[in-house]
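You will see two complexes here that share subunit A, one where it goes with subunit B and one where it goes with subunit C.
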Partner chain A sequence: MDNLVILFVIVPLGSAFLIPIIGKFIPHFQKALSLLALLFLCTLILNYLFTGNSQCIIYKVAGWEAVENVPIGIYLVLDGLSAFLLLIINSIGFLVVFYSFSYMRKYTAENYFYTLLCLMIAGMNGVVLTGDLFNLYVFLEIAVIASYALVAFGIEKDELEASFKYQVLGGIASLLILLGISLLYWQTKTLNMADISHVISTQADSKTTLFIQIILITGFGIKGAMIPFHAWLPDAHSSAPSPISSMLSGVLIKAIGIYAIIRLFYNMFAITYEIALIITVIGTLSMVIGGLLAIGQWDLKRLLAYSSISQMGYVVIGIGMGMLILISNGDKMVASMAVAGGLFHLINHAVFKGLLFLNAGAIEYATGTRDLKQMGGLAKDMPVTSSTSMSASMAISGIPPFNGFFSKLLIIIAAIKGQYYLLAALAVLVSIITLAYFLKFQRYAFFNKTKYTGSALVKEVPFTMAFSMIVMGVLCLVLSLLIFPGIREIILSPAVEVLMETTEYSSKIIGL
Partner chain B sequence: MSKIVKTATGLLCGVVFMYGLYIITHGHLTPGGGFAGGVLVAGSFILLILAYGSDVLMLRKEETESSVTESSAILIVLILAVIGMFAGGAAFMNNYFQFGEVGELISAGVIPLYNIFIGMEVASALLTIFLAFVIYKKEVLK
Partner chain C sequence: MAYILCFILFLVGLYGVLTKRNLIKIVIGFSIMEFSVFLFLVMIGYIDGAQAPILIEGMKNTEFVDPLPQAMVLTAIVIGLATTAMLLAIAIRIYKKYGTFDITKINNLRG
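On to the complex of A and B.
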């Protein structure tokens, strides 16, 4: 396994550039290759999780060894947290590719679609694997530039506008991140995250560090669509082709936004009270305002996009609360519970929001509309879509025994134990708001008495689309198991441990 | 374009092209490398297209070719890097050739090869982008 870590970048990158050459001559090559590549990566990461005993693998690109404990090359680091994110990226990617087989038929230039998708996955895998700050920026740009093109894939007026907006805000974010990285390089004279952490801990210049932290929070906050920086998300996620919306909402904002914040502020910078407070406040704002904005939406995919902002708020609250408890010398168990809740909600959100966007795609595929007012009574004609979306809606609103219930429960219990009563109350309140707007979606799309009156004959979607939706619908239920001892130790606990160790990450990698 | 422009471009583009190749092949010795040289190479082609013009059909063919070249070049870079996993230090992007003498043209192991293919990739990518814009404009005006 040690030497196979790099395959997470090579395989999707290689497939991305094989597709436009060979795909021209062999029909269906693009689908087969991207599916096989992602299946392979899924097997690889599952193999690591179930046999690796959560050991930390360090891969030195080009074989550059450290000189006097100072890393000089690029390091790829596969630990619990990276493995957790890799599992999400590649498994959701696999299901999305399978779904796209039928969905993308109405578009021309399928080759380019699969090329860009593979490129985006290569970028995200790189972001979560790398242990080098500038390398993180490079992979982040690969992923987001591919996503700019994918958002504009329909090349209609709306798509182009959304993509342009996304590019402008994404460009500002990239600029801020690059500025933060260069300031950090100026301050510490190194780019390796573990080494930066080591150097920063010996320096007394906390004002510069604070400035850099603020810049980085803003940059990654824009990428992760936290509330003051969320303007691009509802447009971009609702205009993209549905499999891509599912990828963007389910995976991309987590892998390049939330993951980077978690990794940098837990493992690289020493945790400070101010930063922990800022992160928690941003999370709370996202959770409450995102939820309130979602209620009034009549465009199905816009509703789901606002709901993404709200649900990512839960994740960030869990993470921020963990930091707050750690820094105020609270109970470490409570901190790890808050972080576990956040990370658990992250994987749950990837599954049910991915599924909801696939459902929205299926409805659009069958009826040709995204407007909730024009739908109605689809439950009878589209049983698979209806039942899977019911499962996802229940999960996202936190109804037991679906997975969303357990992750929200963990966050709320941690908030009460850590004496953040306001956060606990808000989390419950937003959960009820979530239930409200998902009941609205269920009612207007599937159970309304006024039947859909469009010209198209409504029938169930083709097999590949239905298959992906069913698998994810079942996953909504199965993932609840992650909370129980025995299964928790395989996937969730290693990721939480990495964060609980905070700056020991550095000593583990540079070996001091 | 007028005859003056055409003649001047004809004289100039060869020099630009050669300079691009020089920058690419001396990437490991002098400032610049695959990217800077590739831009120059693409520039020489773009100059020719601007001066002499071309019909959409020819441009389409050219775009297909440059797009394929681009993908192949980046694939070759990837393969060169993957070979490193099986040779020498057994790591991705490992430099597995002999280094030679410092300052010679043929030295620095596998780095010049990377530079050459990255130059190819950048040149064809920029050309593809330019051609896509030209084709788009011509189709819209039609």
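On to the complex of A and C.
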């Protein structure tokens, strides 16, 4: 397993290279290759999770060994948190590719679609694996440049406009991240995250560090669409083809926005009160304002996009609250409960928001519209779409026994135990708001008396689309098992442990 | 001194991105911002009076400039090229669809 870590980057990158060359001559080559590549990566990561006992694997690229405990090459680090994110990226990616078989038939240039998708997955896998800051920036750019192109894939007016907006904001975010990285290099003369953590802890200049932290929070906040920086998300996520919306909302904002914030501020920088407070406040704002904005939307995908902002707020609150409790010397159990809630909500959100966007795609595929006012009574004609979207809607609004209930419960219990009563109240309130706008979606799309009056003949979507939706719909239910002891230790606990040991991460990597 | 120049360049670029109405001018502003960051990155490794780090026999001056930021800035420039090319490609597509570069007239999406 030790040397297989690099495959997570090489396999999708190689597929992205081969597809446009060979795909031209052999029909269906692009679909088969991307599907097989992602299936292989899924088995690899599941194999690691179930046999690896969550030990930390360090892969030194090109075999550059550390000199006197100072790392000089690029390190790829596979630990509990990385494995957790890799599982999300590759499994959702696999289902999305399967869904795209039928959905993308109406577009031309399918080769380029699968190329860009593989490129995006290669970038995201790289971001969550790398232990080197500049390498993180490079992989992040690979992922986002592919996503810029994928947002504009329909090349109609809306798509192009959304893509331009996304690119300008995303570009500014990338520049801020690069500026933060170069300032950090200036201060510490190293790029390895573990080494930076070590150097900062010995020769701290807290004002410069705070400045760098603010720049990095802004950069990754724009990438992760936290509320003051969210303007691009509703446009970009609603304009992209539906499988891509599902990837963007379900995976991309987590892998390059939230993951980077978690990794850098738990494992690299020493936690400070100011930063913990900023992260919690940003999360609260996202949760409340995103939820309120979602209610008024009539465009289905736009509603889902705003809801993404709101649900990512829950994740960030869990993370920020964990930091607050850790820094104020609170109970470590409560802190780990908050973090576990945040991470659990992250995997849940990837599944149900991915599924909801696939449902939106199925509705658009069958009826040709995204406007909720023009739909109605689709439940009878599209039973699979209707029932899976019901499952996802109940999961996202936190109704037991679906997975969303357990993750929100964990966050709320942690907030009460840590005496953040306002946060707990807001989390409950936003959960009710979420239920409100998903009931609106259910009522107008599926159970309205007024029948859909479009010209297209409405019928159920083809098999591959239905298959992906059913798998994810079942996952919405099955994932709630993750909370129970015995299964929790396999996937969730290793990720939480990595965060709970905070800067000891550094000594584990560079071996001091 | 030169660091202040970087900062001014960054602000000039940001001003361009925020206030200009023409898509191409936004791209230009964005490039100016990008290059201010590159300039900063390459200046980090500079040491006054130091040599390029090439080892040859019989060397007396042992003070070298830091080569790592130079490698980094090369990578960053290549990535910047890809970003700019992507932006321009989309800008040209927008011009074909809307017949204008003026962002106040390109407003299908709101909020």
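By definition in this document, the second predicted complex is superposed on the first by the 512 of 512 C-alpha atoms of A that agree within 3 Å, B and C clash if a C-alpha of one lies under 4 Å from a C-alpha of the other, contacts with A are read in each partner's own complex, and residues count from 1 in each chain.
Here is the rule we go by: a contact is a pair of C-beta atoms (placed from the backbone, for glycine too) under 8 Å apart; a residue touches a chain by one contact, two chains touch by 3 or more.
Predicted model only: the values in this text are computed from it and were never measured.
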| item | value |
| --- | --- |
| Clash or fit, subunit B versus subunit C on superposed subunit A | fit |
| Which superposed partner A:368 touches (first subunit B, second subunit C, both, neither) | neither |
| First, second, both or neither for A:228, with subunit B first and subunit C second | neither |
| Subunit B or subunit C, by number of subunit A residues touched | C |
| Touching partner for A:6 - first (subunit B), second (subunit C), both, neither | first |
| First (subunit B), second (subunit C), both or neither touched by A:167 | second |
| Contacts of A:400 with subunit B and subunit C, given as first, second, both or neither | neither |
| Subunit B, subunit C and vertex subunit A (Cα centres) - angle in steps of 10° | 40 |
| Contacts of A:511 with subunit B and subunit C, given as first, second, both or neither | neither |
| First (subunit B), second (subunit C), both or neither touched by A:17 | first |
| Subunit B and subunit C, minimum CA distance [Å, superposed model] | 7 |
| Doubly contacted residues of subunit A, that is, touched by subunit B and again by subunit C | none |
| Touching residues on subunit C, where the partner in the complex is subunit A | 14, 17, 23, 26, 30, 33-34, 37, 40-41, 44, 66, 68-69, 72, 75-76, 79, 82-83, 86-87, 90-91, 93-94, 97-98, 106-109, 111 |
| Contact footprint of subunit C on subunit A as seen in their complex | 134, 137-138, 141, 145, 148-149, 152, 155-158, 160-165, 167-168, 171-172, 174-175, 178-179, 182, 185-186, 189, 191, 234-235, 239, 293, 302 |
| Interface residues, subunit B side, partner subunit A - complex | 67-68, 71-72, 74-75, 78, 81-82, 84-85, 88-95 |
| Subunit B-facing residues of subunit A, complex | 3, 6, 10, 13-14, 17-18, 20-21, 24, 59-63 |
